[in-house]
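Each chain carries a letter (A, B, C and D) given by its place in the written order, and its residues are counted from 1.
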Amino acid sequence: MSMISRDVIAAENAKREGALKSDYAHLGEQLARRGIDIDAVKRKVAAYAVAVPSWGVGTGGTRFARFPGAGEPRNIFDKLEDCAVIHELTRATPTVSLHIPWDKVADLGALKEMGAGLGLGFDAMNSNTFSDAPGQEHSYKYGSLSHADAATRQQAVEHNIECIEIGRKLGSKALTVWIGDGTNFPGQADFTRSFERYLDAMKAIYQNLPDDWRIFSEHKMYEPAFYSTVVQDWGTNYLIARELGDKAYCLVDLGHHAPNVNIEMIVARLIQFGKLGGFHFNDSKYGDDDLDTGSIDPYRLFLVFNELVNAEERKAEGFAPAHMLDQSHNVTDPIESLIRSATEVCRAYAQGLIVERAALAGYQDDNDALMASETLKTAFRTDVEPILAMARQEAGGAIDPVATYRAAGYRTKVANERPAIAGGGGGIV
Amino acid sequence: MSMISRDVIAAENAKREGALKSDYAHLGEQLARRGIDIDAVKRKVAAYAVAVPSWGVGTGGTRFARFPGAGEPRNIFDKLEDCAVIHELTRATPTVSLHIPWDKVADLGALKEMGAGLGLGFDAMNSNTFSDAPGQEHSYKYGSLSHADAATRQQAVEHNIECIEIGRKLGSKALTVWIGDGTNFPGQADFTRSFERYLDAMKAIYQNLPDDWRIFSEHKMYEPAFYSTVVQDWGTNYLIARELGDKAYCLVDLGHHAPNVNIEMIVARLIQFGKLGGFHFNDSKYGDDDLDTGSIDPYRLFLVFNELVNAEERKAEGFAPAHMLDQSHNVTDPIESLIRSATEVCRAYAQGLIVERAALAGYQDDNDALMASETLKTAFRTDVEPILAMARQEAGGAIDPVATYRAAGYRTKVANERPAIAGGGGGIV
Amino acid sequence: MSMISRDVIAAENAKREGALKSDYAHLGEQLARRGIDIDAVKRKVAAYAVAVPSWGVGTGGTRFARFPGAGEPRNIFDKLEDCAVIHELTRATPTVSLHIPWDKVADLGALKEMGAGLGLGFDAMNSNTFSDAPGQEHSYKYGSLSHADAATRQQAVEHNIECIEIGRKLGSKALTVWIGDGTNFPGQADFTRSFERYLDAMKAIYQNLPDDWRIFSEHKMYEPAFYSTVVQDWGTNYLIARELGDKAYCLVDLGHHAPNVNIEMIVARLIQFGKLGGFHFNDSKYGDDDLDTGSIDPYRLFLVFNELVNAEERKAEGFAPAHMLDQSHNVTDPIESLIRSATEVCRAYAQGLIVERAALAGYQDDNDALMASETLKTAFRTDVEPILAMARQEAGGAIDPVATYRAAGYRTKVANERPAIAGGGGGIV
Amino acid sequence: MSMISRDVIAAENAKREGALKSDYAHLGEQLARRGIDIDAVKRKVAAYAVAVPSWGVGTGGTRFARFPGAGEPRNIFDKLEDCAVIHELTRATPTVSLHIPWDKVADLGALKEMGAGLGLGFDAMNSNTFSDAPGQEHSYKYGSLSHADAATRQQAVEHNIECIEIGRKLGSKALTVWIGDGTNFPGQADFTRSFERYLDAMKAIYQNLPDDWRIFSEHKMYEPAFYSTVVQDWGTNYLIARELGDKAYCLVDLGHHAPNVNIEMIVARLIQFGKLGGFHFNDSKYGDDDLDTGSIDPYRLFLVFNELVNAEERKAEGFAPAHMLDQSHNVTDPIESLIRSATEVCRAYAQGLIVERAALAGYQDDNDALMASETLKTAFRTDVEPILAMARQEAGGAIDPVATYRAAGYRTKVANERPAIAGGGGGIV
């Protein structure tokens, strides 16, 4: 099943093929001067994949308002179709990450089958204990896995176990646990007792984790809690992963840190101590802005990938991070934002691959700070778009995915099929 | 009409009267040593007032979820009753600030009358062009007063004029304009053209402002826009007030600044240049957290009031700022949070009043940094609660307003009268 | 030997004794209402001690300039005398923390003896590998314990071992290691290799640590390195302490964190995992401003002490943190700043002691966020100065230490004895 | 006179000429597809110039230490030679900005002549009232232009007037005033009175400004003052420029803002209101880190230039900003850092020039946030190095300036001529 007509892709590619060939050839010449084989880079890029979040294909919002677009997906089946569009055009997003209970369905077999038909697999499962589902017995208003009340914690544990069960049936191999637990006022909770309760609850979940699964805990500085957050930073996150065991890893969301923090260094530390589980990619300027990956500080994204490629090339022990986008698309067509974000992640990976690492190590050992930093800048400055485009085209995707998406008229089509949704603000100010 | 039984207040006060008298007497003795007349301070505190936001009596939330409490107000009439509770206990919140269209009603006369019956007046009107109201012709998804489309701007202008009209009928004397206009991505809008459009639209509103009204523009660094915001800081806000004219002033929300910014200095600058319009009080640790005033950094609140009292005492020209609470109560009973926040504002004011200003000026002129700063700290360290409590009691309020509120059983009463609201997350992530 | 005349202290105290007695009595009455015995609190406060940094008694500066004051100490002997002044007046600073090589002397016996004569002991030793000492063989321009060159690392290791040796002779029991190692540009160093080298070097130092000593590693977000810092946060610091062994602990400097970070939570985590070694107290608004403790955000200081008292009262395993001031006094008389900072630390401790912990725990278990946070605020709002002053007076110190210091004319005396130092900027911009 | 042998430049260029031709041709082809004439861009880049700060050619430091390099310039004559090297290789830095009294000499005629001989002119003069010069009558410890004492203010005013006099003789046309005035503690100074004194002092300087000169005031959030700074942000800076008159403008240093602040928006506002005077370019991650321009966040630099090119192309009224580098080179050869920083500024300018502005405006008007932001990203992603290199080569500079500088052996030469300087820490902690 194909969501975007092969003919449209072919027609759009035909317009750009000539320029791409010329650009690819010239870039190949440039890279050859540096001793880099462009085809080898292209092959690695082609093999690279990043998961798409099911919730990302719907229009996001803020506490002030949400402004839906046309053709909003109504359920996980609609979402899968939207995700398929992204993968067909980029050839970089073969898996989808689900959020339970948002994506819960009665017939998991049908869901799995639909995914298979669209060429999509299922990435890490995401539990949700940061909002109350209709009819839920115990409220998460005051926390979930760290709640003062044992019954509420138990409910949250069971929800996570259910997510594992659903994931098993869909072929997922990981559970991502992000909780909003924390406080809004000094004194509201005891930091130590809260964290003890959290650890106990996570251990209960961990005991239900299949042997071939991993569990990812995700830290976040603040929001929805505005004074303290139970899993507030990578230090606490590392302690969690260590306390739980070998299948427990830390997940890094790029937008979940304090201002000015050196995130690539955190990535390096987690790799060094064997606990980097994966990423939620996005970009941000202020808080957890959840903007399109690479849209605010592309160099920072590159520096993260520089660490990843470094680890990959030195074959760091236990290094196998999961890559996922996690964004909120408030003012763009979510499919377009995910397309370009997937592309940006590929771009940063390609730029990381063309860093001249032997030269870099030499400059580092010589304390030649200028040439060391220029070595990274040179890789970053290189316009690797021809590599990305060639890899996409060769895999059946689009040279220019956004233009092709627009040419295909997908949004108009679903806008006709799916009912319009009224926007509005929830009075949440 | 009284929301809280006078008997309950009397009974609760009776329990605390003895201690209060003793504490007040001893504090009077301490202040007398510094040459300060406690009764004079008390009289000023008693005359102080801060407005309560109508939206503040409902439970707030985040983009992730909202967890309503029991007895949520259903409309502006319920909200007025809740506001009356706050004023009856604190005697510090005689006015309510409305938000349109949230508080729009067919019969404004009835609303005004109800307010009068409850002893409540109406403070600044707040327009809303940061979310789409049902049935609205033009969407504010891409802005309102600065929107690229003239018809959308016109709609936003008319909405503000309507707010003025409503306010006139209710006895309000000011319009507060906060817009969410801005962008999520570099390039999304042209900063200069956007601001020109904003200024044009504000001028159109200004032309409709009655002679005895003021218009307050409110700056905010970010959220809901995550890359740029049209009215992003006090510098832009000052330019707006100057461009508009003598009735235009800047409103300062304590949570709308960049990390580490010295807010009290901004307050001083706006006073010096005659453009401080007023405040939205709250507290925050990370972003626009909208926490209870004084709950995170009480010394910062004091330093703001130190500037206000300084301006008041030197009779700074044109100094007459409006004071309003603006908070989001996500995990507390909103009435309780507003009670203590009103109290905190009074506390900071009282602490500002007992700063020994002549001594302070002397230390400043002598560059005696240590004694100058200790002079402020001494005022801040003084526990002025007896002054606040005595002022409340003498005005018919409660010595301990939260305890009295709980004793009165108001929340239970309205929980029985008002239907429960289901919580939940909007899928806005 | 006494630096401040007992007569001056007695005369100054005599002026304030009456008021103090009255205030202490009334505070005792207030605390008794809450079930708190003021004398018990006073006894704990009297037993509390914080170390003074030897370098703190000289006027500090910035990279732009340094403006020395009158009577700058010329060497560690002058510094000890200045430190003695602080202790004689506050009775809270019985130990001094040395910095090597700044405080290196040929005759350690004489130094120890002088300390004993002044009633001063020696707290943690501080090594210095963030600047080059005259004649030093290998430069620390590009790092010390993490330097790419083995000989430089070895030199840094040996310097630390020398610090231990000096400390042994003086009766110190701890070594504090703060390094400036890091980079100014992305790529300048490999994060992982740098940290491996650092760990190796620290292990070499650790092997030379006496059995009854502790080693404190200190993290800092940035400065002097402006892109990355080897020991950048508590996460890395914790890893260090864990890798080294049971005698290794983390030191927390209040000014060494990212903006908005919840420091009291870090303190709680380190206590929970048995690795809190101690503190460098100071205050800051922007970066590592090294301002007087409690001068910018006194509530934050209280919240840190709230965690410390909590741990003390629940007898947290292995909890025995070292307390030290670490400040830069650029515009005040350093002795005065240290006097008031020592007092502020005592104040926060006293406020922590009067938190009603059983009630607090109850509110926490009930998710009564408002009353829980008010419980802390009530303790913080209480003016505990009478407790501090009474404890000082009873121990032979001054009721008002700064006023007494000024009355004693110590600064004038040393200004006459010690030659004036020219200020200036180093052209370091 | 030539500091770098023409032969070395020629020989180094010869090695790279072939590749450059090929790259330039291909880039020309790519840009032509977008309707951009590469030669026109190159001509604009060739005409672009940025001033070098005289103090920038010496190794900088921090309050902790300074680690000088080999061949440190001893005086302004040495500095001019170093600056000439930068210009000869980059052809982009034809002027030098002086700092008085650091660069004060008896014979200004000789200085001017030497500059002329090296092909260097003199950019804005910089006064220094943030440190005390030897023998200075009144200390700036507690401020300069805003000092409480009139005589100190007068001294600072006179120093600035002297800077103007020196500048007139050298052919400069602007005075940059950056002061460190501010406070370390709340209460230390009265914000309003301080600012009044500052404005009075600046007016006195302004009266002495020649008709064809401009005066630039520079704001900075903090450092060396750590609680408040008199000229703390662009809002205050704008007020200053407006109060002074038509020859007064605001100078923007990229590192002088609060965390997360949108600097390009400030630039746009100052342009819109006719008060953008110029820039101090550098880069930073935490505070005023003064790192090499473009080394931390190159996209932010591009976004600033996007505003500048936008203003240039729409011929914004009064738009003629001065461009200057202002950095501290602590771990690199300062000449190399200035070379690459000049290059980075040119790069950002070139990238700004190739933004497809008509398309951008169209996307903005259509609220096509994705394509608008991609339009900027496309320009930024384009590797414009061939344009920069070709412009340099054609003007007699080096295709690869840093490699050519190294090949020329200049640092070794001056290391032999100029005495070594011992590093060290000033005990300023």
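In this text, a residue touches a chain if its C-beta (ideal position, glycine included) is under 8 Å from a C-beta of that chain, and two chains touch if they have at least 3 such contacts.
Labels paired with UniProt names: A, B, C, D = L-rhamnose isomerase/sugar isomerase.
Just so it is clear, the structure is predicted and the values come from calculations on it, not from any experiment.
Listing every chain that touches chain A and chain B alike gives C, D.
Ranking B-C and C-D by contacting C-beta pairs places C-D first. With centres defined as mean CA coordinates, chain C is found 42 Å away from chain A. Chain C and chain D have CA centres that are 39 Å apart.
In chain B, the residues that touch at least two other chains are 141-142, 183-186, 188, 221-222, 227, 259-260, 262, 285-286, 292, 295-296, 299, 331-332, 367, 369-370, 373-374, 377.
Put simply, chain A touches chain D in their complex at residues 19, 22-23, 26, 29-30, 33, 259-260, 262, 285-286, 292, 295-300, 331-333, 336-337, 340, 367, 369-371, 373-374, 377, 380-383, 385, 402.
Note for the complex: chain B touches chain D at residues 141-142, 148, 183-193, 195-196, 221-222, 227-229, 232-236, 238-239, 257-262, 264-266, 268-269, 271-273, 299, 303, 306-307, 310, 360-361, 363-367, 369-370, 372-377.
Contact residues on chain B toward chain A in their complex (touch as defined above): 55, 58, 60-67, 99, 102, 128, 130-134, 139-142, 180, 183-186, 188, 221-224, 226-227, 259, 284-287, 289-292, 295-296, 328, 330-332, 422-429.
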